[in-house]
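Shown next, in structure tokens, is the structure this report addresses.
Letters A, B, C and D mark the chains as written, and numbering starts fresh at 1 in each.
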Amino acid sequence: MATEAKAHELIVSVSPHVRGQETVARIMWTVNLSLLPAFIMSVYYFGPLAAFVTGLCILSAVLSEHIYQTSLKKKSTIGDGSAFLTGLLLGLNLPPSVPFYIPIVGSVIAIVITKLLFGGLGYNVFNPALIGRAFLLISFPKLMTIWSEPTAQFVAMDAKTTATPLGVLKEEGLAKLIEIFGDKTDLYMSLLMGSRAGSLGETSAIALLIGAALLLYRGYITWHIPFSFIATVGVMAWAFGGQAGLFTGDPLIHILSGGLILGAFFMATDYVTCPSIRKGQIIFGIGCGAITMMIRLKGGFPEGVMFAILLMNCFAPLIDRGVKSKKFGAVKEQKEQKK
Amino acid sequence: MSLKPKSNWELIKNGMFGENTIFRMAISLCPSIAVTNGMKNGVALGISVVFVQTMVNMTVSLMRKFIHPKIRIPIFMLVIAGYVTIIDLLMATYARPIYKEIGLYIQIIVAFASIFARAEVYASKNKVFSSMCDGLGMGIGFLLAMVVISFFRELLGKGTLFGYPIVSGSPLLIMILPAGGFLAVGLLMGFFNWIDMRFFGGKGASGV
Amino acid sequence: MTGKDMIKITVNLVVIYVIGGLIMAYVYAKTSPIMFIKAKEEKEAALKLMMPEADKIASLGSWEPHEKHAEYYAARKCGELKKVSVTDEKTGKVKEDTECVDPQDIGYIVEGYGKGYSSYIHVLASVDKDFIVKKISVLGHGETPGLGDEIEKDYFLNQFEGRTVDTLVVIKGETPDKIQAITGATISSRAVTEDGVRNGVKLLKEKLSGEVQG
Amino acid sequence: MSKTATFERGIHPKYRKELAAGKSITQANLPQRIVVPVSQHIGAPAKPEVNIGDEVKRGQVIGSTTGFVSSPVHSSISGKVTAIADFPTSVGKMVQSIVIESDGKDEAISFKEHPDYMNLSADEIKTIIKDAGIVGMGGAAFPTNVKLSPPKEKTIDTVIINGAECEPYLTADHRLMVEHPREVVEGLKIIMKSLGVKEGHIGIEENKPDAIKAMESAISGEANIKVWPLEIKYPQGAEKMLIKAVKGREVPSKGLPMDVGVVVQNVGTALAVYEAVRFGKPLLERVVTVTGNGIREPKNMMVRIGTLMSDVIEQCGGLVDGAVKVISGGPMMGFAQWTLDVPVVKGTSGILVLAEDEYVSSDQYSACIRCGSCIDVCPMGLNPSILSIYSEKGFYEDAKANNLFDCFECGSCAYVCPAKRPMVQFIRLAKSQVKP
């Protein structure tokens, strides 16, 4: 019988026999794609140097993963796009004008020490790109806090240095910040479009939001972390950020400046290092927001998103352990036990 | 620890490599991170530990038949605290510049798990001379670990060794901060474990 | 626990603690005088460095910045230094010493603490009789290595000479007559300048300006 | 029509029901030979009542019950017993089976009809159902008479007929409801009578509008029976999910539907109950959906129990060249076959042949990236991600502490996992390593 002849070629495996279309690589490359607008805006404002810095980060991240894995005779996983993403995020988190060795050092730390030494994608405790950046910021504090002025021409080679809005806010107050940008509306517009000093990819809120919308639409991220993160920052900025006492702060400035939008949508939501249960994600977001504002208002650094996310990364497994998703049939069980 | 009695040289070697306090036993890590941002400090604390460890082991071994087992812990505590106080006073008097930098950590030697552990595990059960060798080995092992860690941290973090400039350029500042201490200890621990597995069959005692 | 055990434990503890106590007491007795003298000498040397031209430095009183004990001193120059022989009362030895005749205040030294980035910074500042800063020095701190610890560097400390209470202000960036902050360590710079030195000089002014003018 | 009912979470796989949904049920050819495993159900296996060489007729009992939770087996053809030995079955186990060669006459024993079946007592009904060898035909194959005999302390107030058929591809229940709605309703009424229950429900997923229409017209006049259109979502047809959707009751952890006063029966079972009680016919045949891109002519066929799968596939035109996988049951919970010489049994709801384009390999999987997709879809509200990690690392007790045994292996987590981890396999491994 024809059927018998076929039988020995049949694949035997466990159920389910059909699978969804999502793969890790597909998710990662989509996230990479969603960062494209922010990347374009960074080149627009900070010139070809921005592309060079980001490109170098990506290149060294991918290369270091490949070299590490092949030299240990493991399968190279650069195809899944996560090393590319780490490089890209690190690049977008660097100031525009850094010496060439900074992206390389940062990428190697991010990929080799933060990710691969812990066992590779899925086992890392901290967000690799953020550890890379934290390492650089602490190691080269001066080089990592030189901010270029945006030029909006795609060409700037050596721009003037200036302070970030949060730096001005911390050192000289809101009045001075508004004075620099003209008036309040100009300030908001500049923050929204990205015409301000800051890390390469963090400046343009609008470009980041376009990318975030893609991720939200595809369901790769949910509203829980970004919303709770940003809302906490907003509320705390409004409550404690004003000079005239409680509840006089300007939440919009705190939300739009610094790396909040980039961090909340693209880095706090990193699957591996955030809680996987939705309720836990809200706690995680609130924690990130609260630590961010504590650092911004009371700490030594003008910006706190990076350290906030890294600190909350530590708590992610704990949150996952403490928070349980609503279990089917659990309510009845408890009632019966009480009887 | 093997049950076979070890020769005195083996005891010292064991303390230095096989059961190295920091890299193999992973105890007394706080000082290894706090003090190792410069070789000067690291070496000074290491030498103090060699002294305290050896003396404590000897003293405890001497008294081991006299001490009632129920109160051995407070007695060990007193012995350790006594030696630490003595070394603390001596340093404060005759080595003031170093004392200013690491005086705080000298007093912390009282709470070192490694010293207490050796008094309890080894010295309270063995003869004076072998206890001394064990203490010496453990102390030297700790000293070596401090030297290795502080070597990398000072070189990478400041570009100097014992304060003398070695390399120019902007150093990795993080290495002399506490975070860099964790990084250095972790990576070195991994490195020594790898060496152990690669060349010595992954057994506890490497015995170089 | 038997009675024998109780006795043994008691004897154990008493003997060992007494011996231990005695040894420690002996070491302490031997070292503490030397330690005390050395500490005093160190402090005097530090004060002397602040105002090398002064012959005598005398404590005027103390204050408590950040709830820490700190003193302020008058630096005096003698009209004449007379050589005298002093007989030590206990030992009976005769020592050469100097006696200050007609001392004149030529300035003041104040000890202060500034709340820095990660520690309290212990500073000394010397001023002349018009409360213009002559020199400052950092005695101790726990600021970030590589950033905050640049407050010990000369390029920062040298800026203080000639500053008054009004110009002891930290500015980010170049400044002709004020204190330029260390790049990346504004908080530490401020702590030294505004919290430590300026408050110290202010204190001196409050306490002493009456005396000087009068 | 009421609002669409459903449960929390779940997934939306590609249903692919269009392959066979429009095909009316056709009678399969009389098989040359049948292989009847004595254990086609959950519980004690039946004891063979015939010897090699015996002549048997259609409907004759060839294996009798051996306990309370057990079910007899019958011959579905007339012929001669040629072997009693272990044969492979569709779940992968070797089971003692009775092989009967057909004599081509298809002679039947006489069946005892009950035209006045609604006047039978509850016990009489249960006896008939038991003797007819009826088991749950949705796949689990739990003896029906046992389900209809709950312990005294449990009060049953509701019977739900499960017409959800949430497994992709399968259309057997769908066709039954379209073609025999009246019989299904009568079956439901018999079941309700045997339990002394006043309330009956029929849950059907919304992607079967013709079935919903047919059932609604069939229940007209029955005041206490209601048809529920259900949201199209897997695993809508799991007992606990169905009860939640229809009655809003949650079956407690480690509990059974009867703990919340509900009995759920499959559409096919209801039909079998009706035929057994009304016509005295034992369970001799069932509807099997033969479908998938790997089969030439997808069909819904009435197949005699014991017919070999290869025989059935032959009647559907055979396999296409690119066929890679043959599954007994649905794609989410069915069993992949290594040979086609296994019999169709009472619980075989479908034969699914996947072609290369439908097959997603799960040989290569990577570490869990903690995306949380599986948590979002787990109908039981578990954390499959952590269960699979515990199992992978050998921490089976930890897995147990995380409600391992609430999992009913619906496969939703494995379906959505982007790292393609074999979640269900990990969970089964853990379940096998610790006691509940």
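FYI, a contact is a pair of C-beta atoms (placed from the backbone, for glycine too) under 8 Å apart; a residue touches a chain by one contact, two chains touch by 3 or more.
Note that this is a predicted model, so its numbers are computed, not measured.
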Would you mind naming the chains that touch chain A and likewise touch chain B? C
Trace the shortest sequence of touching chains from chain B to chain C and report its length in steps. 1
Hey, which chain is the most central one here, using CA centres? A
Tally the contacting C-beta pairs at the A-D interface and at the A-C interface, and name the larger one. A-D
Of all the other chains, whose mean CA position lies farthest from chain C? D
Gap in Å, rounded to a whole number, between the CA centres of chain C and chain A: 48
Using the average of all C-alpha atoms in each chain as its centre, how far is it in Å between chain B and chain D? 68
Just how far, in Å, is the C-alpha centre of chain D from the one of chain C? 88
For chain B, residue numbers touching 2 or more other chains are 171, 173, 177
Expected list for chain A, residues touching two or more other chains, is 141
Two or more other chains in contact with one residue: find those residues in chain D. none
Which pairs of chains touch each other in this structure? A-B, A-C, A-D, B-C
Mind pulling up the chain B residues that touch chain C in the complex? 37, 63, 66-68, 70-71, 74-75, 78-79, 82, 85-86, 89-90, 92-93, 96, 100, 157-158, 171, 173, 176-177
Complex interface listing, chain C residues touching chain A: 117, 146-147, 172, 183-184, 186-187
Interface residues, chain A side, partner chain C - complex: 141-142, 145, 171, 300
Chain A contacts chain B in the complex at 105, 113, 117, 135, 138-141, 143
Chain A contacts chain D in the complex at 1-4, 6-7, 9-20, 22-24, 26-27, 77, 80, 119-123, 271-272, 274, 276-278, 320, 324-333, 336
